[in-house]
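Heads up, there are several structures right after this.
In the two complexes that follow, chain A is the common piece, with chain B as its partner first and chain C second.
Coming up: the complex of A and B.
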């Protein structure tokens, strides 16, 4: 058998639609799980030991079970308690739920990396806790948190393929739809893989920009 | 906001007055019944071994770490309390923040914001806390940087400055809030010896401009030249105070004497 990529000339609109869905799902999960992760990180250092324990237990559970199980739970499980969602929203909920805890770990160690004196200085200047967090502390977690953040973002991107299992028409699903009718799985899956690689590269470029931003702003001493 | 609030009167015109301050960390008594009064425009040097309570006193004065017991008045205002028409009540966190903003603080490790330029470091709090317009805050920041000799470092990041320059920026940042009092917590202790003088020069200038200052320091030369009074801390108590020259040359307490001798032996 020889490879014949001319098939892509016919199936590219389907792959493009799948790519669009993959990009939207990745972006929406990133947009929801990032604040979710910040919330988890803050709760992990909450004054109440009960809150800290609950968050750690939840983190252990959500990071411990297979993501596919959470997807099934959101899509097939939630209707049992009266919440029936279309494929895309249930994928967003399931992925946000577990990625928030992954990001929570990332931001938690990022927060630990910021010197205690930074909080002190903000307090002494009379800055509000919210302003302190968003203007002063969180931006300083970027150098420590960015590489693991981007690697988790890559996991989200790849993880969107799981959403095929609940009928989200993302890239892997779209590829499958077209190769089962064209009988050219190899070429089509290679093309889909190439698209994932390009999207991954986009995230890595984001990381490079972030690292450049952080370089001059490293903690002084 | 039409909050009905007035200054809580203390019995004299001191800029800082603390009475009966107690503060413990676990078993350690960091402050053990401390009284101190600093008149407006006075410079007080606070001296003592590490862990003797000097820094804790500063942190209690601006309520960074509220005392367990005792009262602090700054510029006639009782810290941690608010007087309303219906009587005195505990201040909210927000109110404490506002009062704290009137008290400048300079830290041993500068604590500049590393992701901000020098200019951004100076304008952040005036804009956020004092609600000053950006243009005005920038003008003030430029003037302050010129006064600490760093007019050309506006756009530098802290990591691009020497320790002495960073500390001068930190002083300017505190001054940008137009504080009534400045608290210095070992401002030169983290600096290489050759960088100490440039920071002390800025502090001398500030003292000559009648800023009220409380300075925790091991720089005895500075204490003697600039401070109006020296207080000596030991185990959470002020055990000796007076004119710096007298306390330094002729300490009355054996502990003070021992401390001074240790400092001298270290070549200071």
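Coming up: the complex of A and C.
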């Protein structure tokens, strides 16, 4: 058997289209799951014990079930509750749902790293809870949460491959579509892998800068 | 048909799927664990000429989506002249992925042991293997329990990807029953409960192992 990478000359438009879908899916999920994660983290330290218990249970369930199963659940389940969506939005909903809980854990431990006394001090100074959160707590949380945040972002990128299962035309799906007609899975999957590696590398460089910035912030404190 | 009838009808295939998932989980853990330990030991204490290529390989694998690796093992190997059964391909792909990530967990635990101990063992005339076996690994072992169990749970969840290369695991059985009956919740929720049961069992195993090791090593309770 000989490898023939010239096949990539004919299939690259399909891979490129897949790459753009992968990038947009990753960005949309990142944009939706970040506020979702902040909400989960705040609810996990809500005053009501009932809310805390419910959020912890939901977090355990969403992080304990395979993401693929949640994608199927959104794909088959949403139309039944009256929400008939194309594959891409249903994949976004499923991925946002579980990534919010993963981010929730990251932000929760970030929030924990800020001494609880600061909330009380701000209250004593007459700051509103929202102002306390945005001006006092979050600026200290971000340096602690940034490195795990970006490593979870690479998990989103790699996780988008699962959307192939619900017919989203992202990179892995695009690769499969072209190798089943060209019979060249080796070369095409290798090329797809290289594209994922490049995208991941972009995020890892961001992480490197983020970690340096976080270290400076901690040193300045 | 009522939920009950549907469930009775598809119960055998779901149970079969659950067994396949358990088998796949057990086999991938059994293959990945020694492989990961070997990779971690070589990268932490072995010759640089083996450690550097291994580091490149491990990090390259960690950059890729697990599904892509599975596709590669299943669809690309026939091009090289090996035709693998779906279950075999899934076992190989998932073990490779698991071992790459697990070796990083183990590496952290080995690195946590003070490097002065290698020098002390050398000064006492212990061989390299003897040092690893009697000095380093017994101390790294209790540190490795929590990340190992977390990794094991992740690997159990990852076995659901095998459904994408035609393995009839729990996810495949549930999604097949779902697409035949158009009943969206019953089977998928059942499958979800199956996975939660497995990871719940592993979490219990973790707290049992941690308590046992804390006693055996006389560690202060945390």
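Criterion: the second predicted complex is superposed on the first by the 204 of 221 C-alpha atoms of A that agree within 3 Å, B and C clash if a C-alpha of one lies under 4 Å from a C-alpha of the other, contacts with A are read in each partner's own complex, and residues count from 1 in each chain.
Following the convention adopted for this analysis, contacts are C-beta pairs under 8 Å (C-beta built on N, C-alpha and C of every residue); 3 or more make two chains touch, one makes a residue touch a chain.
Bear in mind that the values here come from a model prediction, so they are computed numbers and not experimental data.
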| request: With the two complexes superposed on chain A, say which partner A:197 touches: chain B (first), chain C (second), both, or neither. | output: second
| Counting only touches as set out at the top, which of chain B and chain C does A:33 meet: first, second, both, neither? | neither
| Which partner does A:161 contact after superposing on A: first (chain B), second (chain C), both, neither? | second
| Partner, of chain C and chain B, that touches more residues belonging to chain A | C
| message | For A:172 in the superposed arrangement: first (chain B), second (chain C), both or neither? | response | second
| query | Is A:140 touching the first partner chain B, the second partner chain C, both, or neither of them? | reply | first
| Residues of chain B defined as touching chain A within the complex | 62, 64, 94, 97-98, 100-101, 103-105, 107, 109-116, 124-125, 128-129, 157-161, 166, 173-174, 177
| query | Which positions of chain C touch chain A when the two form their complex? | reply | 60, 63-68, 71-72, 75-76, 79-81, 153, 157-161, 163-164, 171, 174-175, 178-179, 182, 184-185, 188-189, 191-192, 195-196, 199-200
| field | Footprint of chain C on chain A - complex, ascending | value | 1, 61, 64-69, 72-73, 76-77, 79-80, 157-162, 164-165, 172, 175-176, 179, 183-186, 189-190, 192-193, 196-197, 200-201
| note | Residue set of chain A touching chain B in the complex reads 115, 117-118, 120-121, 123-128, 131, 135-136, 139-140, 142, 214, 216-221
